[in-house]
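In the two complexes below, chain A is the common chain; its partner is chain B in one and chain C in the other.
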Partner chain A sequence: MTEEGCLLVMVVDMHPQLAEHDAHTYLNAVVAFANLHLAANVRNSLGVLAANHLESRFLYPSCDGDGVERQRDGRLEMLGQVDRAIERGLKTMAVAAGASPMHSEQSESLLSGAMGRGLLYIKRRETEEVLTKKLQSRLLVLKISSDTGSQYLTYINAYLTAQKMSTPVDVCVVGGECGLLQQGADITGGTYHCVRQVTELLQTLLLMYHCGPATRRKMNAPPPDTVDYRAACFCHRTLVDMASVCSNCLSVYCKAVPLCTTCNVIFQTDRPLVRLSKKKK
Partner chain B sequence: MSGEREDILLQVNNVRYKKNNGQLYLSQTRMGWMMEDSDTSTVSVLYNDIRTQKISPEGKPKVQLQIVLHDISSYTFHFCTPEGREKQIAERNKVKERLSQLMSQNRRQPPDELMEKKRMLDENEQLQQLYRALVPTSIISVDEFWKEIAGQYKQSMGPQQDVGVSGAFLADIKPQTDGSNGKVQYNLTPEIMSSVFKTYPAVKKKHGEYVPHRMTESEFWTLFFQSHYYSVHTTSRTENVFSECSKYDDREWNRDVNSTQSDPLNNLNDIYEEKQLAVEDELRVGGAKAGSNAIHALMIKRFNQHNLNIIKAQTNLEKEKLLDEIAAKNPNNVPNGEVSQEVTQPKTKKAKLEEKRTIDDLENSNKTEVSSLTIHQRDRYLTGPTELTTTQSIQPDQIMMLNKQLTITASTWTPSLNNSQEPDAAYRSLQHFSDMCRRGRSTIGVRTGDQLPGNLHKELGQVYSSAGELLRHFWSCFPPRTPQLQEKLHKMHETLCRYHNVTIRPFQIYLTEVLMINPDNCP
Partner chain C sequence: MQEEEDPKEYRWESGYEKTWETIQEDESGRLEPSVTEIIQRTKRRKLLDREASVRLGIMRHVYIILDYSQAMTEQDLKPTRQICTLKILEDFIKEFHDQNPISQLGIITTQNKVAKRNSDLSNNPQRHLDCIKKLQDVPCRGEPSLQNALEVALSSLRHLPPHTSREILIIYAALTTCDPGEIIATLQKVQEANIRVSVVGLAAELHVCKDITKNTGGSFSVSINDLHLKELINEHLEPPPASTKMDHTLIKVGFPHQINADAKPALCMCHLDDLPPLNTRGYYCPQCTAKYCDLPAECRVCGLMLVTAPHLARSYRHLFPLKHFNEILAEESSAKECYGCQKQFTATAADKNVSYMFLML
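Coming up: the complex of A and B.
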C-alpha cells in the first residue's frame, strides 16, 4: 500500500428508483465501503455526496460541526462519526424528498451537479494541503437510475474538468448500462462496471474500486470494453459514424440539412464546394 | 592595389602634382595620381574621404582641380597637356564631372545596404542575438536571415532622420574673389541650394516663381546674395525680388506669434511686466523687460524666426512638404481639397484643457459586438448527441410513488455493517470477475508467445511476414488512378483471398485443433 493517503469522494445516487432495488443493502454497502476506505490507510480521507432528483447534498464532512462522541462499538471514533453523518444526511434528504410538491419536472438524478461539487471539494482540499504535496484523489460515482437525458452538457463538462485535474472518475452502475458514464470513466482514466444486483455491490466495490489507479494497473483486471463514442443524430437519435454538424450550435445531423432546427441558422447546401487553388510557393 | 573594384574608369595624362608630371586616374572607389616613370602611386584618395572639389576660375592661366578632404587637407592637380589650354579645360571638366558622379555614388551606396544593416543590428538587441546565434553557425544563410527575420524588424524601426542644415553653412560659402575686376564668385552646389530653401522658405517660394521663366538660376542666386535679405550690411535696393521675402517672413512671424499668444494654455501675463529685481546674495540682478531695447529687438526677432523655421523644417513630413510646395505656387489661393493653413479658431481654454487631459489609450475600448447563440430548442441542445435509450423514462406519478417508498425505506434504515454483504452474492460476483479476467487474460499476446513451441514460432513468423508483404502491395495500389493500378488492385485482392484460403486458414486450424490454442487468440 502506498504511504500517501488518497482522498475519495463518493457520489451516491438516491433516486427514487432505488426503491425498486433493496435500498437497505445499497445503503449498507455505501457505509461499509466508506469505512473500509478510511480504515485501510490512516492518511486516507473521505467526502460523501448524495444526489436525488431534487437536490444534491453534502453528507460527509457534515456542514454543522459534529462533536466527537464517545466510542460506541469499539471502532475508531471517526468511523462512527462517518456512519452517523451519512445516516443523518440521507434521512434528511429522504424526508425532504417526500415532502416535495406533487409534480416536478425533473425526473433524473442530479448526479452531474453532485460530481461538480465533488470536484470542487477535491480542489479545495488540494489548496488547503499544507505540505504542498500533490493530494491523490479520485471520484467514485454510484448510479441507480438509467436515464441521463438532459444533462449531457453538464456531464461532459464535469468529465473534462476531472481530466484537467487528473482525477480519475470511477463509475459503478447498478441495474442497466449507462453509456455516458462509461465515456466519462474512459475520458478520465477511471474504471466502469455494471452490477446486476445490489447484493453484489459491496464485493464489486471491494474488488475493483478499493485500490487506487496505480495499483489497479498492476492487478490483472479485466480489460475495459471499447467505449462507443459515436454521436447520435438529433433527428432520429440513432448512432451515426459520419454526420454533418451545425457550425453555430454544434447539433449533429445524419444528413446535411438546409436549416438547423436548434438554432434556426440557414445553410446553403446547393452550392458546390469551392476548392481553393493551392498557392505556389 | 588588388581588389575587384579597381577598374580604372578614367585616366588623364600630363597631370601635375607638386611640380611633378604624372597621370591622374579615377577608379570605382578612389582616385589616385601616379608619377611618371614609377610604378607606385604617390597619391591615393578614397571618394568617401573627399569632402568637396574645386576648380580654378575661368580666367586663370593655370587649369587646376583641387580636392578638399574631410580633414581639411587638400590636393591640387594641374592639368597641363601640351595640346593646349582648351584640351586642358576639357579634360579638367571631364574629371570634375566624373569625380562628382563617383563621389555621390560612393557616398550613397554603403548607407543603403551595409550601413542600414549595421544600424538595424545596433538598434535591436534581439535581432543582433538572433543574428549571432543563427548565421555564424550556418543554421540559416545570411541572405535568408535578412530576407525573413529582418523583414519583421524593419517595420519597427523608426524613420531615418534627415541630415539637418549646418548652422554656419551660409558663412561657409566663401566667395572667391577675383582679384582683377572685383567680382565676387560664389560656388553653389545643389546641397547649398537645398539648405537655403530649407532655412528660408520665402526664398524657396520666390525661386519657384522666378526660375526658370523670369530669370535664370545664376541671376537668381546673384540677386539673392546681393540682396539686403541675405546680408544685412549691403544697402543696395536695386532689385526688390527679395524685399517681399522679408514681408512674407514678417507675416509668418506674426501668425506664429498670434497662435502662441492666443493659446489659452500659455500664460503670458508677465512677459511685458517689469520683473522685480531679484536679490541673490546681496547682488542685485536686473530683470529684462521684453521689447525694451529696439536695436536688439530686430536681431532677437530674426534669431527667433530662424529658430522657428528650423523647427518647422525638421518636423515637416513629406506630405507637408508637398503641401508647402503647392501653397508656395499659389500663395493666395487655397489648393483644391486641402485645408488652408489658416489659424484655427482659437479654442476655449476649457476645450484645450479637456483635450490635454484625455489620453486615447487610457479610455475604455469599445466593447466588441458579441453575437450570442440563440437556441430555439433548449432541451435538444442540452441533451446533446446521445442515443435515445430504449428504456422508457419514468412517468412522474411513478416517481412520486417510488419517492414515497424510498422515503419510508430510508427513514427506517440504520447502518448495519454486518448485513452489508451476503456471502453468496459475494461469491457470485467474485466468480463473475474471475471469468472476465480469464477471458481478458488470454488476449495478452506475450503470454501466448511464451507458450508457443519453438517451430511454431518460426512458422507463425513466416505466415505473418508473407501476409504483410502481400498487404503492402495491395495498399500501394491506392489511390487507383491509372488502369494499371486498378488491374493490380484487383489482382492483389484475389491474391490475398487465395492466400487466406491456402495458407492462413489451415494454419489457424492447425493451431486450434491440433495444438489446442485458444481460438480467440488468432484473427
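Coming up: the complex of A and C.
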C-alpha cells in the first residue's frame, strides 16, 4: 500500500557517555534507519539533528551542501549523501566537544533545544509545501544520556508545541527509563520504548518506529504503560501525590509554606494569628 | 473602534491619516507582503507591551454574558449576529480550556428583560459546548437587561475564594438596556466584589459599557466585522493582569494516577448520568480513590482539584514569557541561514531579508 510521504526528523543524542555503550553499533543503527526511511517511499524526506552536552547541530540537510555527486557503490545517490553529511557533522561536533573539557554537571544532552529546532524545521517544510495536502511529519528522539530534570520547562514547551502541530514525538531510550520523555510521547501521541542494550536498537527501530502514525493504528501494539504524571515539588524535587500550589505562579509545594520562593508572595492562611498574652500588672 | 482619547479635537481639525500610503507594492507588484508585514508588526508591538513582571490571574472564573435580544437577529454579520457569535464562542471555549486548564467558565443569556444562567461555572468544556448547541435553537427576542445579567453573575462570583481572578465578558449587540433599578448600584457591588468586566460590542459604543469597563479595569471594544470580532473575543484567552486586592493562597491539588494492572472495574464519577459500561481505564483521586475519565476535574466526592503536571505547565508560558527579539537585516548579520530551520537567507526571498530567530509557543 502506498502511503503519503512522511517527513521524519531524528534527534540523535551524542553525549560523551556514549563511550560506555558501543558507539559504532549505535551510529550504524541510526544511519541504517535513516537510509531505510528514505528508501521505503520516494516521497519520504528526512532531517537529522545531533545534540551533545554543549550544542545541537543540524547534520542533514547540511548547510554547506555539496552538489549531488555521481553514483558511487551502486546505491541511491541521496543515501550516500545522507551518510556523508552525517559523518561530516558528527566529526565536527566531536572535535569541538573534545576541545573543551567536560564538567561533571554536564551529564545531560541538550535534547530539548534540538527538539525545538526539529519542530521549526518541520514547520518550515510545512509552509514550503507546494501541494495543498498537509505534510505528514514526525519526530524521533534517541537518548542515551542520564536525566537531570533541569530542562523540564523547555521539554514541556516542545511537547505542547508538537501537540499543537499534531506531530507525534516518538522516543527510544537506551539504558535507563526516562519519565520526562515518556510524558512527552504520551502527550503528543507517539511511542515510547526503552532498550536495554545498544545491540537491540536497530531491531527496535525497524519494528516499532518505521511505520508512520497512520499505519501504527492498524498494528496491534501492546497498550502503553501508565505514565506517571505527578509533579515534583519545588523544595525536595520528589514526586508527590497531593500538593499545595501557589495561586500566583503555580509552584508546587509538598507542605504548607508561608512564603512562595518563586514569586515572593505571602500566603493568607486561615489559621488565626497567635495572640500574645497580656501582662497583668 | 476606540474613540480618540483626546476629547478636544475632532477628526476634521487634525490632519487625516493617509492610510493608503503605508501599503506599497514590492518588486513583483504584489500587495500581500506589505499587508502581512503590517499585521506582523502590530502583533509584535502587542507582545512588546506585555511585560514579564506583571502578576497575572492564572486561576480564572469567567462568566460570558450573551445578549439575546432582538438586535442579535441583525444580518450585518453573516448569517445573523447570533449564529456568528455562537460559532466564535464554540472555538473560544475549546481554546480557553486548552490554554487555561485550571480555570472555569459559565454562560448567561439575557433576553426579554430577564437574565438566565444557561451553564454553571465548571471546567468541563463539553458541558458548555452542549449549552451553546442548545442556544442555537433559542430565538432572540425582546430587550436585554444589563443589570439583571450582572446581578446573576455577581450572585455566584461573589462567593468565590479571593485568590481567584473573577471576570465577566459581555457580548452586547443592543443599544438599550431595560433595568429594574439603578445600574449604578449594581456597578458599586461589582466593583466591591473585585470583578473585572470587559465588553465586546457588536453595534456601537455605549457610555454605560465604557463606564463599567473603565471602573473595573476591563477592556471595551466594538467589532468592525466577523474577523475582528473573533480577534477581540480571543484576546480574552490570555490571563489578565491581577488586581492588587487579590489575595494569594496555597491551593490544594491532587495528581491522580492510573492503575491499569490490578484495578477493579468501577463507575466513573463524571458520567454518573449516562452510566457507560464499567471499565478500568481512568484516573483515581489520591484522596478518595473516585474514578474520573478525563482530567482536569474537581473531585465530586472530596472537593480536591485533580490536575496533571502538564496542565500546570501550560500556564508557565505566561509566567516565563520569551524575551523580545531584535530585528536585524540580513546583510549586517554573519549568519547565512536561520538557526532554527536552516532556511537560507537569499536576496529573492519574500521575507524581506530580515533574520530572526522565532519560536512558536
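As a working rule, the second predicted complex is superposed on the first by the 258 of 281 C-alpha atoms of A that agree within 3 Å, B and C clash if a C-alpha of one lies under 4 Å from a C-alpha of the other, contacts with A are read in each partner's own complex, and residues count from 1 in each chain.
In this section, contacts are C-beta pairs under 8 Å (C-beta built on N, C-alpha and C of every residue); 3 or more make two chains touch, one makes a residue touch a chain.
This one's a predicted model, so the numbers in the text were calculated from it and none came from an experiment.
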item: Touched partner set for A:161, first chain B, second chain C, both or neither; value: second
item: Touching partner for A:24 - first (chain B), second (chain C), both, neither; value: first
item: Which superposed partner A:249 touches (first chain B, second chain C, both, neither); value: both
item: Partner chain in contact with A:215 - chain B first, chain C second, else both or neither; value: neither
item: Partner chain(s) touched by A:264 [first = chain B, second = chain C, both, neither]; value: first
item: First (chain B), second (chain C), both or neither touched by A:58; value: second
item: Chain B or chain C, by number of chain A residues touched; value: B
item: Touching partner for A:32 - first (chain B), second (chain C), both, neither; value: first
item: Overlap of the chain B and chain C footprints on chain A, listed as residue numbers; value: 153, 156, 223, 231-232, 248-249, 252, 263
item: Chain C - residues contacting chain A, complex; value: 55, 58-59, 162-164, 242, 247-255, 257-260, 286-287, 304, 308-310, 312-317, 319-320, 336-344, 359-361
item: Chain C-touching residues of chain A, taken from the complex the two chains share; value: 58, 61, 63, 116-117, 120-121, 123-124, 153, 156-157, 159-161, 183, 187, 223, 225-232, 240-250, 252-253, 256-257, 260, 263, 265-269
item: Sites on chain A touched by chain B in the complex; value: 14, 16-20, 23-25, 27-29, 31-32, 35, 53, 83, 86-87, 90-91, 93-95, 97-98, 100, 102-104, 107, 146-153, 156, 176, 179-180, 195, 197, 199-200, 202-204, 207-208, 220-223, 231-234, 237-239, 248-249, 251-252, 261-264
item: Parts of chain B lying in touch with chain A, wherever the complex brings them together; value: 373-377, 379-389, 391, 393-394, 396, 399-400, 402-407, 409-411, 413-417, 419-422, 425-426, 428-430, 432-433, 436-437, 439-441, 443
